[in-house]
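Chain lettering (A, B and C) follows the sequence in which the chains are written, and residue indices restart at 1 in each chain.
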Amino acid sequence: MLQGINLACVRGDRELFKDINFSLEAGCLLQVRGPNGSGKTSLLRMLCGLSNPAAGEILWRGTSIRSLNGDYFSAVTYIGHLSGTKDDLTVIENLRISSALAGSEISISQASDALKHMGLRGREALPVKVLSQGQRRRVALARLLVCTTTLWILDEPLVALDVMAVKLIQKLLEQHLQRGGVIVMTTHQEIEVTATSIMQLHLA
Amino acid sequence: MAINWFKYSSPASFYLLAGKMVPVFVFISVILLVVGLYVGFFVAPTDFQQGEAYRIIFIHVPAAWMSMFLYVVMAFWAGIGLAFNTRLSSMFATAIAPTGAMFTFIALWTGAVWGKPMWGTWWVWDARLTSELILFFLYIGFMSLQAAIDDPRRADKAGAIIALVGVINIPIIYFSVQWWNTLHQGASVSLNQAPAMATTMLTGMLIMVLASWMYSIAVILKRTRVIILERESHTAWVAELHKKGAI
Amino acid sequence: MFMWIIKRDLLLAMRRQSDVLTTLFFFIIVVSLFPLSVGPEMNMLRTMAPGVVWVAALLASMLSLGRMFSNDYVDGTLEQMLLSPQSLSLLVLGKAFAHWLVTGVPLVLMAPVLGIQYDLPTDALLVLTAALLLGTPVLSLIGAIGAALTLGLRGGGVLVSLLVLPLYIPVLIFGAGAVEANMAGVAFDAHLSLIGAFLLVSIVFAPWAAASSLRVSLE
């Protein structure tokens, strides 16, 4: 479903990577690995459509994502380094507003169910600024529970999470793959996800 | 002789082509400048109303024209660069800006110098002068935006957007200022009420306009070469040139 | 989604009311400085009033531009908006509208009070308010382009003034011109129509230009 052909990335004068090729089918997980500064985040941002590759092309269901535009965005959920939450809004406001802006409005009960599942019960009405780093991460990841997208692009989703939360996320990823979803992620931790196919991509 | 134009749209071959063209344009512009100034200062007759002071138009008018032309040309190349992702055209736009700003400044400066003997004041809020001042601000905005951005590709695209927004706004600004000027009758003297021109005056002015064009082309090509070198410093062909001692 | 973004930005402004008040007080202080610098001669103040109020509105609106995108840029919510399947231009329009509600509308409401300080006659006060009502949304819309282009740049605040102030000039000319025309006893409706035309043009073009700028800035 997601295909990368001869992708290259240039930052300033430096070429971070080139000739990256991969092809992901439904139920596939691609783990992008590599040392700091090898272009992992740049690759993920390219796959989201936030930036254009210096060379090569990204295809979604056989069509270039550049020509798909909005149709592509409705199939993708991206969770990056930045949490994408507003400090001044409450936990539940954050989740509902970010879902609405991503194109799928959710009700208050849906939102509080998702937050409960992420272990944020009783925190719904707190502003995000009083939460800990790990809890903020959970708020961001709660979007995965309510979104209806096929392709998940996750940049270090497990950072700052405790053991319980890591297990929870791994289970979530597994379920998504079983439903026929596609995941591209970076992580420094070993992930224990049982899936039909897990691919590794090493950036030098 | 058929020229393959596409070949020259790559920075490497353009660099070499421009290198050959710069001396030609420098030569032509120097000749035209000398002839134009000679005609302007020695051949053209003294104006019976304005005396000798009018001779500043031989610099003022070409500079004012160039300042406006160059902004449009700059926006055009920047727009092409944005639409077709051609690096060379964006580099052109970046190279044009300082020359355009310089001509704008010259037009303002000579306008002031002309104003002093004509109206007894260095500055009048005349519609043309005011528009020229705003044009100067637009150039400065374009250049400072590009200067503030480290990544050259982002600088190209951001510059293109502000240049295009500027080019849409220039007529609006111009007509607003014109309107404002007619409303406030205080400063109704206009720089464009040129005296009935003798043929030699017109000739001198046209030669000076041509000289300005040639000068602009020479300087812009030269500056584009420098920008190409700066941006392509990591490539093989620049290293090759360096080895040959050509830079 | 258009409603959601407005609701969101208003909610955020409610949580940080001091930001809104800062802009308003800036406007009030700048307008009040002029009589102190040129003297309290009423005839002179009356002629200066439209220009002073408009310039102060321009500056106040421009100073608050930094908030339009930069907070969202820092916490990553802007990135998420760019990945929204809905039109980014529409979203920018929503944000510019929210910016106007939060910064422009208070200026419009405060302007008549400041006009009284300058001894403007009642109908001139009305024209001033009407002109500001039509003109301040243009400032937010054009400002959005500048704010989007300077996102994340060092010295972005000063840079944005270089970019947008020249573009504000037509609004300034006709905004202040409308009040002057009214005080001189001539028709001012042409001025207001022209500001209205600027508003329409900027509603069509500015969100689109600002959306492209955001994509460039976040690449």
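In the analysis below, contacts are C-beta pairs under 8 Å (C-beta built on N, C-alpha and C of every residue); 3 or more make two chains touch, one makes a residue touch a chain.
These figures come from a predicted structure and were not determined experimentally.
So which chain is the furthest away from subunit C, centre to centre on CA atoms?
A
I want to compare two interfaces, A-C and A-B. Which one has more contacting C-beta pairs?
Between the two chain pairs, A-C has more contacting C-beta pairs.
Closest chain to the protein CA centroid?
C
Centroid from C-alpha atoms only, then distance subunit B to subunit C, rounded to Å. What do you get?
For subunit B versus subunit C, the centre distance works out to 32 Å.
So, what's the distance in Å between the C-alpha centres of subunit C and subunit A?
37
How big is the gap, in whole Å, between where the Cα atoms of subunit A centre and where those of subunit B centre?
Their C-alpha centroids are separated by 48 Å.
Two-or-more-chain contact residues of subunit B, please, as numbers and ranges.
Residues: none.
For subunit C, write out the residues touching at least two other chains, lowest number first.
Only 219 qualify.
Note the residues in subunit A that touch 2 or more other chains, in rising order.
Where subunit A is concerned, no single residue meets two or more other chains.
Quick check on the complex: what are the subunit B residues that touch subunit A?
150-151, 233-234
Mind listing the subunit B positions that touch subunit C in their complex?
The touching residues are 134, 137-138, 140-141, 144-145, 148-149, 153-154, 157-158, 161-162, 164-166, 168-169, 172-173, 176-177, 179-180, 183.
How about subunit A: which of its residues touch subunit B in the complex?
The touching residues are 12-14.
Per the contact definition, I'd like the list of subunit A residues that touch subunit C in the complex.
Touch residues, subunit A against subunit C: 48-52, 70-71, 73-74, 76, 78, 80-89, 93, 97-98, 100-103, 105, 127.
Under the definition above, what is the set of subunit C residues touching subunit A in their complex?
It comes out as residues 1, 4-5, 7-8, 11-12, 15-16, 71-72, 74-77, 79-87, 91, 218-219.
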